[in-house]
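Pasting in a structure now, in structure tokens, and then I'll have a few things to ask.
By written order: A, B and C. Residues from 1 in each chain.
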Amino acid sequence: MDKIKIGIPRGIHYYYFGNFWKYFFEKCNIELIYSPKTTQELVDRGSAIAPDEMCLSMKIYLGHLSYLEGKCDYVLIPRIDRFDKNNQTCTNFLAIYDLAHHYFQTPILNYNIDTHHDLLDGLLELRDLLGISKMELIKAYEYAKEKERQIKEQQEKEQYQKMSEDGKKVLVVSHAYNIHDDFIGGPLEKLLEDNHIIPLYSDYFQEEQTNALARCLSKDLYWKYSRDAIGAIPLCEKVDGIIFLSTFPCGLDSLVYEFVMRSMEKPYLYLVMDDLSSKTGLETRIESFVDLLEQS
Amino acid sequence: MSKVSYPQMGSYGVPIYFLLSHILEDDIVEPPNITDATLELGSKYSPDFVCTPFKYTLGTMIESLEQGADVLIQMGGGCRYGYYHELQEKILKDLGYSFVLINLVNGGNKISISQLMKAYPLTIQKRHCLKYLYLTKKMVFYMDKIDDYIRQNRCYEQTKGSFNRLKKEMLQEMKEVHSARKLRHIYHTYMSKMKKVPRKPMTKRIRVGLIGELYTLMEPKANEDIEQLLNDYGFEVKRYTNVTYLLFEKRKKVKRYLKHFFIKYRLGADALDNIHHTEELCKKGYDGIIHMKSSFCTPEIAAMPMIEELTQKYDVPVLFFSMDTTTSQTGFLTRIEAFCDMLEMRKS
Amino acid sequence: MKDCYLGIDIGSISTKAVVIDRQYHIISSCYIETKGNPIAAVQEAIQQIHMDGYRLRGIGTTGSARKLVGLLLNANVIKNEITAHAIGTLTFHPDVRTILEIGGQDSKVICIRNGLISDYAMNTLCAAGTGAFLSSQAKRLDVDVKAFGNVALTSKNPTNIAARCTVFAESDLVHKAQIGYPKEDIIAGLCKSVVLNYLNNVCKGKKLEPPIIFQGGVSKNKGVHRYFEEILKQPVFVDEHGHLMGALGVAILASREKEQKEYTLDLANLSFKTLGQECQDCSNRCELLRIYRNEELLDTLGSKCGKY
């Protein structure tokens, strides 16, 4: 059998599982193809496909899928329903498989995570397709998990290092797929650096820790990635300000950030990125926020 | 003694009032009807791109609080509706109201009356409570059946308003029941009364299916009373979504839907149901489908491409509406009128 | 004396009136600005058209003020603009499959199969990319809106303008002008973004089959027309009577009406008054609009309970 090529769209899940996938498939000896970093062109491709009111992050994801169309044997699209009752996901995560299936022809490599199936269960179902034995798969899984843990630890260490540095520090609170996307969080990161602000990222902390800490802010919140994000706020007491980064029109953020902002004592900025936001608008808002931080 | 209130949706206020008045000893504040003023209030204090049911229910809550309520009930789940309550509580407290908010939906999914009981130690016997719970369930069931019948027949009534008048009378009588037998009797009486309503001759039969997000479908103020509009045009209307479906039938049906369908997974809220209903409507030969949702309703946005694909396959016209509190009525009417014209022209 | 029929299309920006005979030949037509006062616009329109030697046997109204004006003129047909446009266009171009229409506040696409409307869509978001938006931007750039299209044609490198939302578009446009892009490129960019926005927003999921016809006030803009052809990669027709199609369609519908009566138009001598008020009778609190002709109450619009 010819070796299969698996396409990884650089959006949504990539920012949570990217490192894991990289090492897992490397160990399985399977070649991966990544879609490029998000550009205006990919955003436009996504917006042309998606319904108007869909959130920018999903539009971008569809843009990445459209890039991969025909370039690989399978695209990897997991579906995540929930990890447990208190850690559910946005409904877009639920629909993502069927949406991709509707729009694109490339076969989908899909596993499903819900209350009864975790990541390993999901991957085990794919073992025939990947052409490896159960033992090999479990080995690769453990290897990749370990690698993922090391990377995460490194990221966390760097975060704490940054926190003790001199200078104004800002915590960027958002979903990982927004913070590290070159179209959404990219311009923000650059602007912060230009203004000599040290950015900390909510998703670089240990999610077990932030997830539990989210309870300090909201007792009923049941979306995993929102909890992981806002849980970083109590963890970073020392930062000077907080930036809530959202994409238009994210359903979860519209409620969660509003809720958190209402009890914020630090200076904060609520940024909503649109698929066509002008860069000047962002510049003005960041600069005035920096001025605010300098005063305090 | 506290005063309890709840959000408004369609005529479901009647069974909710019925239930609460029998299992609680407290006063109940009937929420006022939703008006433009309610929406203005709700929108004013709501975040930017939250879906519209948030604004409707927040507006109603403020009005109830103004009327002296100090216990509010909120229920909803399946999507971000499940998280409304915590933010609404915060917004209202920030406005300076003091009250208790009870959310009947656990973790955004399961409705539990026990949640209410926990917050509300009952002095009334459990048996008594169960009886009225059962009666309420039955009442909702009969109401939904009657509504279903009205939607499909109101378009033929000779004197405008006959069906609406009968329904109003029925609800009035249902408020006073204490036994399942009496309830069933009322239902059958009014059903046969409705069957005897004088009708216009049917010249051509045009049937429209109504699908979409639940709140927008069930609250006439949120959908510009589209059912009445379509009936006035002489069209029959079919709507699957009602409280009976959502609470008692959905769970079982969804499992069945997933078995033999081109959709692999649950899509969140009622998205899967709506796609399935689209196919059902197409296969049953309905002349058109109208999909309504509140702006930014995420699960329905994800369902729209699939609904469109199906309707193209079966060649059934479909009209999408995204209702916001600022939706212009003129624009809405123009679209509806054009849709109705189109269906009529296709039929002739 | 031969019969004639009057069709009036009262849009948010412009009011169009047309008089046709039984064979649908145009006897007279006019095009004036509504200027926020539909009643005055209709009075003016009626003075401008002529129908000497004909008997007026039917009146149809369409457009956003169709109900109000229909009531005043006692019209025998009041139709929404989508149907009216389709009927008008199909009478003159029976083979057309797709009608693109961009008007003052609305934009729509109508798909036609076997001479019937098979599908249509209207803009759902804000007014970005409609006529009103273009004229306000023209004013901002200090260019006559009528010359807008010709200026756009001179550009070789249209600037990218974010036109999805009016607010974003304005700030983007101002920004692009401030950092020194040539005016014609900005104007061309604006025209192009109107097209892209329209295709992405209104036409999403619709199959645009040829022949395609482009109508509405914005169809007079050659820049927009050019980018439609460029992006769709096929010819897009613009009819010189394109702006009249709504009025024509509703005049045709009036001529098809079975019940016909004789009309006289002495609007000039009548005075109309409208009065808005909030009904306090029930919790619906409907916003009522009462319409008076010579102090006599004609009708009350806007009631939801059917009391009026």
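Keep this in mind: a contact is a pair of C-beta atoms (placed from the backbone, for glycine too) under 8 Å apart; a residue touches a chain by one contact, two chains touch by 3 or more.
The model shown is predicted, which means the values in this text are computed figures rather than measured ones.
If you average all the Cα positions, which chain's own average lands nearest?
Central chain: B.
Could you tell me which two chains share the largest number of C-beta contact pairs?
Going pair by pair, the biggest contact count turns up for A-B.
Express in whole angstrom the distance between the two chain centres, defined as the mean CA positions of subunit A and subunit B.
The computed centroid separation for subunit A versus subunit B comes out at 35 Å.
Averaged over CA atoms, how far is the centre of subunit A from the centre of subunit C? Could you give it in whole Å?
45
Which positions in subunit C are in touch with at least two other chains?
Expected reply: 124.
Would you give the residues of subunit A that are in contact with at least 2 other chains, written as numbers and ranges?
Residues 51.
Where does subunit B touch two or more other chains at once, residue-wise?
Counting only residues that touch two or more other chains, subunit B contributes 305, 322.
For the complex, which residues does subunit B have touching subunit A?
Going by the criterion above, the answer is residues 47-51, 54, 79-80, 82-87, 90-91, 94, 103, 107-109, 263-269, 271, 295-296, 298-299, 301-306, 309, 322.
Would you mind writing out the residues of subunit C in touch with subunit A in their complex?
124-125, 162-165, 168, 171-172, 175, 200-201, 204
Quick check: in the complex, which residue numbers of subunit A touch subunit B?
Result: residues 51, 53-55, 79, 81, 85-86, 88, 90-92, 94-95, 97-99, 101-103, 110, 112, 218-223, 248-252, 254-259, 262-263, 272 of subunit A touch subunit B.
Show me the residue ranges of subunit A that touch subunit C in the complex, using the header's touch definition.
Residue positions touching the partner: 47-48, 51-52, 274-278, 280-281.
Which residues of subunit C touch subunit B in the complex?
64, 79-83, 106, 116-122, 124, 205, 283-285, 287, 304, 306
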